[in-house]
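You will see subunit A twice below: alongside subunit B first, and alongside subunit C after that.
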Partner chain A sequence: MTTNTADGGAPGAAGASRAARGARRVAMLAVRKLWFIALILVVWWLVTALGLVPAYKLPSPGDVLGALENAIRERELLGALWDTLLRLVTGWAIGVACAVALGLLTGAVPFLEDGIRPVLAGLQAVPTIAFLPLAILWFGFNATAVLVITAFGTFKPMALATYGAIHQVPPTLKMAGRAMGARGLFYQRTLVLPAIVPSLVTGLKLSWSFAWRSLMAAEIIVSGTTGLGGVLELGREINAIDIVMAVILIILVVGILFEQLVFARLERWVNRRWGLVGAR
Partner chain B sequence: MRGRALAFAVALLALAAALLAGCGGERAADGDELRLGYFANVTHAVPIVAMERGIYDRELEGTKVSPQLFISGPEAVSSILAGSIDAAYVGPGPLVTALSRAPGEILVAAGANEGGATLIAARGSGIRSVADLRGRRVAIPAHGNTQDLQLHELLRRAGLKPADQGGDVTLVVVRNPLLASAITTGVVDAAMAPEPWGSVLVADGAARVVLDSDQVLDGRSPTTILVVSRALAERRPDLVRALQRANAEAVALVRRDPALAGAAFNRRLDEVSGTTLAPAVIRAAVDRQTATTRVDPAQMQIMIDAAGDAGYQARDVALDEVLPIRPSAQ
Partner chain C sequence: MTAEPLALRIDGVSKAYPNRGLALAPTTIEVRRGEFVSLVGPSGCGKSTLLGMAAGLLAPDSGTVEAMGQRVGGPGRERAIVFQDAALMPWLNVRHNVEYGLRAQRVPKAERRTRVAEALEMVHLDRVADRHPHELSGGMRQRVAIARALVLRPEILLMDEPFSALDAQTRTVLQDELQRIWLETRPAVVFVTHNLMEAAFLSDTVYLLSAGPGRIVRRYEVTVPRPREESDPRLVDIRQDMLDRLRSEVNAAAGRGDPDLAPADALAA
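Then we have the complex of A and B:
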């Protein structure tokens, strides 16, 4: 303590002004990032408050918040959210695991790649939800069909991202590995896999959003399953547009949270670990 | 610069709001076309017969009636609220839930049909009464539709509750055409089904009747009623009156000769899906219902109360909102 008093005054004042500058920067950043959202909310509120659109077509922001609270209390919305997230994470994990395994395998064997890659690229042209009727006939009108569709929706972009990543491994790196005698599984595990990680992260993000899309569409159609899609459909059936908008809000918030808390962190970690930060 | 950008953003949002306000376009029948919703169920025999016999075209002289097919009521009432159809035959269930959020936007013109709903259970499920539904999964055509509300009422009378309200009967939405596969694959153990779906599954041997249509709320529960949009009632009360006349005429026809309803339904089914039902199945389905222009107030109150108990209503709908408007009141 005492050692600091000699030069403690100046840094203290500098610290305070730095803190003030920091706070102002944060405030400015908040304004820059939030002004459009605030504008949407104000216009939305105005449109409903002035009665320009009937409430059964567009409920007010307050109504939507009320519906959200009500749905959490009376319709077990959090339970539905949990069911959906569980299904999303499970389906996504299955899809990613299959895609990376297939990508590595076929990436290592040109004969396999020549045959399989065009098929996958072709399948990419078919929206995953088009396979739902098939999944229902094979697995039943139930949660399994929804899970399969989610996994498949993940699999397609992830497999292509894995191929892409393998092809972006610098040839010099490959040559160096080979020159040092790396072969077969050892080569795949110690050279290819680490080299493709940064590109895989992009694939993970992309396939996550594809998984979400497939899952929501499937849940809305396969009505026996519990989940956010089911609540959306219920809202539509009973003409409760406030419930529908509340669920959309939840999906939005969950999406942002995952993006910020999971993928942004993962990306930062990978960039640091693979020394890619300075490259940008 | 920033001010101009902000103004642009505001203008964009205002445009979006304006589009929303106008969406669905209040293109209410203006003399040349009236868009009428109905389902391919036997419970909709009245509109099907009326279409086939050209009764609408005769009564609504000069206005073309364009029939639009729906699978269940919620879609039909949503379409009325969105302004994409002008009138529809629906059950009281979707009407009540829609009116609780959009008061006065839909008006009841007349009744068309009563009964026509059975509680069936998968063969071998061991379900012989409503009480046996405890712990089971029961199919409904849609949340908030008439069979859903009827089932809520039956469960309440048997001292049971749906799972989403803390009870132990799980209600599962299964679209009518998928009902057979849902019952045979065990996705559900029972179903509250509108005709002909109940009779079809019983004839197939896939299901047996637990409560026949005359035991479901005494068989007096309105299944099909003719509703019109407020816009149509305000702009063209003459068309609403013409619809009421056509409806009454078709009801009288079906009452006189129920077999006519079955035959007309089969022809319509053939048109929309390329299949027909066996004569015995059609007869059974037609026997389970009664064409009538009556809308029983006591039964409508049951529907309102059931929708309230189920948590489907945003506000309590008053009984007179779901009773037919008198022709003189238009």
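Then we have the complex of A and C:
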């Protein structure tokens, strides 16, 4: 009986200490990942609390939080956020679709790729926003011009990523497909397109960040369009620096959420389905 | 020359690659229907190049290839190929990988299903039909690649070192399986390998190739009845003869000894 009690007690104790060790590890991880953010917040708060910088140049963390809360309660910021996200997703999707279609079409014909690829690479040297005046002249000082710029900002890196991905498809896979009789559109749709998906994910992430940049710049310049860029510009005009910083925070949070919720999941799914992890 | 119809006629083909010179000197090989032919030799002897041209994936610089009496200008339905790396589609499961060629050739769905099931059964993969390639061992992946070729019911099966990346046990098992499958379905096979025993064990005819540039140095006819055992002394003798011949080739290439080469066409076993 005594041995039984001892045996029964030991695993429980071991389990408890394992749980404690686990909790300590999580705490350590949190400290390692968060200490710098905490430091920024403290320094920021100190600088404002000691009055080292006037409040119209740098509001306190509390003021920014208040502005954020206010704006969210009054719904106008949420509306702007929605408009911006809708524009971002639409512009990005159009840019991605065009880029992948062009990449597949011209990637299949060396003559087309030889001519078109250098032009695309050259266009990379021109920041997308430099095309905004042109877009405004063509489409007007409106949301359409902003959308076109977003799609174009997506398109350039995505098209190059598609070429890169096509050239990474293993030659024997292509030969196997052709030897089995796959040709033309069937070959592109059932072999090349799925084969490039894993490398396209990187391009999707890259082009997403390019879409964001182009969209924000365009929204700020084409004031009068609804959206976060418009709110930023308005905040500058009326000297509402707390709103300006609140919007920057929102953009940051949206960026992190998309990275974690959308792209990280997409990457995991692709890696599993295409056997890139756990492969024997 | 027999009057028997040929499956494959490779007539005086040669191939040079930029910066590497002549990979294959003009070479002639005839493969009868249902015949198992191996091309064996060291790296760089042009055996894979020959196979690529037979598959229609490479264009010869000179000469012609005829498959089932038709001039080869690209891949064709009478031919199927198995590569050294299984070259499966990682996003498709085993069943869909095997089905792919039938879809490409627009075979109706009901027929696809029965033919895929048949091919999977032949290579003993029916129980893993829903798995993805990365969940399979190397040997099983190669079985999928073989099933994917067999499902097309080719008259000519081209195999480019299909067992080279496998461990010795798996390799032996798959050699036996290939012998059994070939006896059941009897396509003409062109089998590329650098393993002399494998070539002797599987083939009716073995072409021994040498490098720099690639050319046929000897042709062996293996008349040992099937099914065969690898330990058969007649096969062991043939292997030894091939090995001796290859050694003298290597010595010749190194500038020692006499090349002792006759024109390929004059070399009959």
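In this text, the second predicted complex is superposed on the first by the 254 of 280 C-alpha atoms of A that agree within 3 Å, B and C clash if a C-alpha of one lies under 4 Å from a C-alpha of the other, contacts with A are read in each partner's own complex, and residues count from 1 in each chain.
Here is the rule we use: contacts are C-beta pairs under 8 Å (C-beta built on N, C-alpha and C of every residue); 3 or more make two chains touch, one makes a residue touch a chain.
Keep in mind that what you see is a predicted model, and the values were worked out from it rather than measured.
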Combined model on subunit A where subunit B meets subunit C, clash or fit: fit
Touching partner for A:G275 - first (subunit B), second (subunit C), both, neither: second
Which of subunit B and subunit C A:G184 touches, first, second, both or neither: neither
Contacts of A:G140 with subunit B and subunit C, given as first, second, both or neither: first
Contacts of A:P110 with subunit B and subunit C, given as first, second, both or neither: neither
Which of subunit B and subunit C A:G51 touches, first, second, both or neither: neither
First (subunit B), second (subunit C), both or neither touched by A:G122: neither
Cα-centre angle that subunit B and subunit C span when viewed from subunit A, reported as a multiple of 10 degrees: 150
Which of subunit B and subunit C A:A240 touches, first, second, both or neither: first
Least Cα gap, in Å, left between subunit B and subunit C after the two complexes are fitted on chain A: 42
Touching both subunit C and subunit B, counted on subunit A across the two superposed complexes: none
Of subunit B, residues touching subunit A in the complex: 6, 9-10, 13-14, 17, 20-21, 23, 74, 77-78, 81-82, 94, 97-98, 101-102, 105, 137, 142-145, 164, 172-175, 178, 181-182, 185, 187-188, 311-312, 314
Contacting residues of subunit A [partner subunit C, same complex]: 170, 172-173, 175-183, 186-187, 190-191, 194-195, 197, 273-276, 278-280
In the complex, subunit C residues that touch subunit A: 55-57, 74-75, 77, 79-81, 83-85, 87, 89-91, 100-101, 103-105, 132-137, 148, 152
Touch list for subunit A against partner subunit B, complex: 35-36, 39-40, 43-44, 47, 52-58, 74-76, 140-142, 223-224, 233-234, 236-241
